[in-house]
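Structures are listed in the sections that come next.
The same chain A turns up in both complexes below, where it pairs with chain B and then with chain C.
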Partner chain A sequence: MNVITGLFPPTGGTIRLGDRDITGLPSHKIAARGLGRTFQITRGFEQLSVLENLLVPALAVKTSNRKEVEKKAAEIMDFLLIDHLEDELSVNLSGGQQKLLELGRVLMLDPDIIVLDEPFAGVHPELRGDLHDHIDDLYEAGKTFLIISHDMESIFKLCERVIVFDQGKKLIEGSPDRVREDEAVLEAYLGD
Partner chain B sequence: MEQIKSSKFVNPGLVLLIIMAFVPLFISDQFIFQLLISALLFGTLAMAFDFTVGFINVVNFGFAAFWGAGGYTSALLAAKLGISPWIGIFAGLFFSAILGFMVGLLTLRLHGIFAAVMAWFTGLGLMSIVTNWTSFTRGPLGLMSPMFFDTMNRGPYFYVVLVMAVCSFFALLAIANSRVGLFFKAIGQDEEAAKASGVNPTWYRVLNFTISTAIAGLLGGFYAHYIGILTPDVMQTSQTVEIMALAYVGGRGSIWGPLVAAFVFIPVLTYLQPLMEIRLIIYGLVLIGVMIFYPGGISALYRNIWDWIKA
Partner chain C sequence: MISGQSLASLLLSAIVRAGLYTLTATGLSLIFGVMNVPNFAHGELYMIGAYIAVFCFAGLNLPPLVAILLAAIGGFIIGAMIEKSFFYPLRQRSKRRKIWIMNTFLVTVGLSLLLKNVIQAIAGTKYRGIDSYWQGGLEVAGISISVDRLVGVAIAAVVILAFWLFLQKTTIGKAIRATAQNETGAKVVGIDLNNIHTLTFALSSMLASIAGASLLSLNPAYPTMGLMPLFSSWFVVILVGLGNIAAIPVGALIISLIETFSAYSVGSGWQRLFSLGLIIIILLFKPRGLFGSDVKGVWER
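This part shows the complex of A and B:
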């Protein structure tokens, strides 16, 4: 995942985004080409407000217009139900709210593909439900998601195609129903 | 610990600069002028230093070398080619900016302490060149530099450095409040998140470094034609430490804080001049004290008081 998003250089092979070769591109260029990501341990600009956090990715586009970007940020805050936190410093948000803000920053890039790294880890169950709803809505709106998670229930609820790894090796690939009944997966992740 | 986002406030740096514009109407004491010139000079240097450490989170340990490079450029142009100091100071600005750009390209791909150490070694390298190239710079013997004005009165120098301080203050503030300033802050707070947001950290870090060193170079030119003689001591790390102390005590990332800190500490330390090197110990202790007990410095203290009054 870090190789796909340009954080680590690839040692072989090619990475294509649609029909474009993005192998070896730095992560800021990959982000600008429509591949947004979140991090396993939530990252962000702690001493910037929620609004400022959202402005960074959109303003990074040279042709962007400040007023339009602020309008878009307001829409995204509204969608993620964090509009009441607009002026709050990011450092003051709860873990779940920071996950939502991180997703908001990704949405400001208007990406075609969204890569979420452990989006449900440490998130309050109520906020987890909100996150599921947001992902569903965005999927319906045409966004593609790649989700890495140990939260199998969330994966089964959200995904059409699941790949399970264990100790760096692929165990199985298929529909949630097929994966749910696989013996090796049950042993590795779901217990008895 | 919860941190509070501050409401809009009256900028003390702006108030200070406005007061300074009227000071010569009421003061004629040359010693006071000298103190105010030092405070404006070091306050502006500390603002430029803060622009790097407070925004992109890189400690430029070689900062004094860029200041000295600007000074030597202007002084050498005047001494060797007879070029007016008024043109020379801008040549100093450009030379330091180019130097900063190149050093930035070399060092700013590194992170944290590695970037700081690389900048420090670059500064030491520059000082070594100036010290040892005696046929050109006269090294420790000192390079005579023509003065700006043919007068013993410090008043005209005060206005020159005041104009430089005002221009630097507004330029830095304008950049800090622009989208470029937002990117600087984002990179300084979390570079990986900035990259994932489509921001090119290398370009913006080099840009920040270049602007900061350009201001240092301009002020170096002023210093050369204000003091009249330059020695490599001007590039010493101890100079950087004095500037760094002002930036930290003033409050990183505020721009105005270091300027205000200079007006508090320069007069105090001038009166402590007879203590010689003990001054540096005092600087060190103040720096440690602020970093442990009040890392936000004067600017955070002021904003907290302002918010408390507004609440």
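This part shows the complex of A and C:
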């Protein structure tokens, strides 16, 4: 994930986004080309308000003007159900709200592909349900998701194609039903 | 016993000095907060501002505000050139943060020597000052205040207010603050850190140059004039908390009051002993400074 999003330099191979080669591009260029990501431990701007957090990514979208950006930020806050937190400093949000805000920052870039790193870890079950709904809605709207998670319940609920890794090696790839019943997966996750 | 008139006069001197320290310390704090560069060449941008102003005002006979404006523009351009020529290439090769801080510290010390010697080669070692930008003064309750001092304080106040509004209200200002708070988070939402770093260094250099230019009648230009403002600005930045820009004016006032009154009471040679002593005591009890550091990166990255 870090290589795909430009945080680590690649040691080999090629990364393509659609028909464009993005191998070795810096993170900001990859973000501007439509690949957004979140982190397991959120990387927010703690001393900025929720609204300000959403306005910062606007710099990557060169054609946008201030009014358009603010309108988009308002729509995203409304969609993520965090509009009542608009003026709250991000440092004061709960872990789940921080995750929603991070998704909001990514949505400001209007990416085609959204990479989520452990989006459900440490999130209150109620907010986790909200997060499922948001991902479903965005998927219906045409966004592609790559989700990395240990929360198998969420993965099986949301994903059409699942790849399981164990100790850095691919165990299996297939539909949720196939993965759910695979013995190697059960062993890797439940132990002997 | 200090007379009321002397007290008022000392307070006025302290306020003028606080304006100067606010301008220089804000830039220093911003560079450290956003780029993690401990800039020991910041005093030289103050010195360059003074030289540009003396050249424009005394040499070209330009109006005072134009001379100060040109010093600001000169500081901005030179700051951008320094960032692009020294820190950008270094950043491409530095991967470990601790090495980055040490490397940039050494680079800024070298830069300080370089800039002082370049100016000395061009302008010599003579003091190049002016009597005043504006003639005359005001007399309030028996205390005479020169127009230069008043305008110097006003310029500092207006520039700091404008700069604060820029950081708070504009998208670029928010991006600068966001970068200081979480560099990785800024990168993945499309912020080009190279542009933010260059802009930060240029703006900070501009603030230092404005300080040097606007107080030219009080502090004439000479190659090593940046050393004392540099020290005092570091005292302010450390006192309030590294990278804590909002608290800089308060810290600047505290340091300037201590320096002004200790210089009056026991002599100017002792003034920094008192400000340093206070900083040592405060840091013993509050290692992050009086108001804490806003820069997460300084402590936790």
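Structural remarks
Everything below uses one rule, namely that the second predicted complex is superposed on the first by the 189 of 192 C-alpha atoms of A that agree within 3 Å, B and C clash if a C-alpha of one lies under 4 Å from a C-alpha of the other, contacts with A are read in each partner's own complex, and residues count from 1 in each chain.
As a convention for this text, a contact is a pair of C-beta atoms (placed from the backbone, for glycine too) under 8 Å apart; a residue touches a chain by one contact, two chains touch by 3 or more.
Computed from a prediction, not measured in an experiment: that's the story for all the values here.
Taken together in the superposed arrangement on chain A, chain B and chain C clash. Contact with chain B, but none with chain C, is seen for A:92 once the two complexes are overlaid on the shared chain.
Legend: residue contacts after superposition of the two complexes on their common chain; A:103 is shown touching neither chain B nor chain C. Of the two partner chains placed by the overlay, chain B and chain C both lie in contact with A:7. Using the contact criterion defined above for the overlaid structures, shared-chain residue A:25 touches neither chain B nor chain C, since it reaches no partner. With both structures placed on the common chain, the touch criterion links A:43 to chain B and to chain C.
In the superposed model, A:66 makes contact with both chain B and chain C.
In the superposition on chain A, contact of A:52 is made with both chain B and chain C. Common to the chain B and chain C contact sets on chain A are residues 5-7, 26-28, 31-32, 36-37, 39, 43-48, 52, 55-57, 59-61, 66, 105-106, 108-109.
Chain B meets chain A in the complex at residues 2-5, 179, 182-183, 185-186, 189-190, 192-201, 253. Those residues of chain C whose C-beta lies close enough to touch chain A in the complex are 171-172, 174-175, 177-178, 181-182, 184-193, 294, 296.
Within the complex formed with chain B, the residues of chain A that make contact are 5-7, 26-29, 31-32, 36-37, 39, 43-49, 52, 55-57, 59-61, 66, 87-89, 91-92, 105-106, 108-109.
Per the touch definition, chain A reaches chain C in the complex via residues 5-7, 26-28, 31-32, 36-37, 39, 42-48, 52-53, 55-61, 66, 69, 105-106, 108-109.
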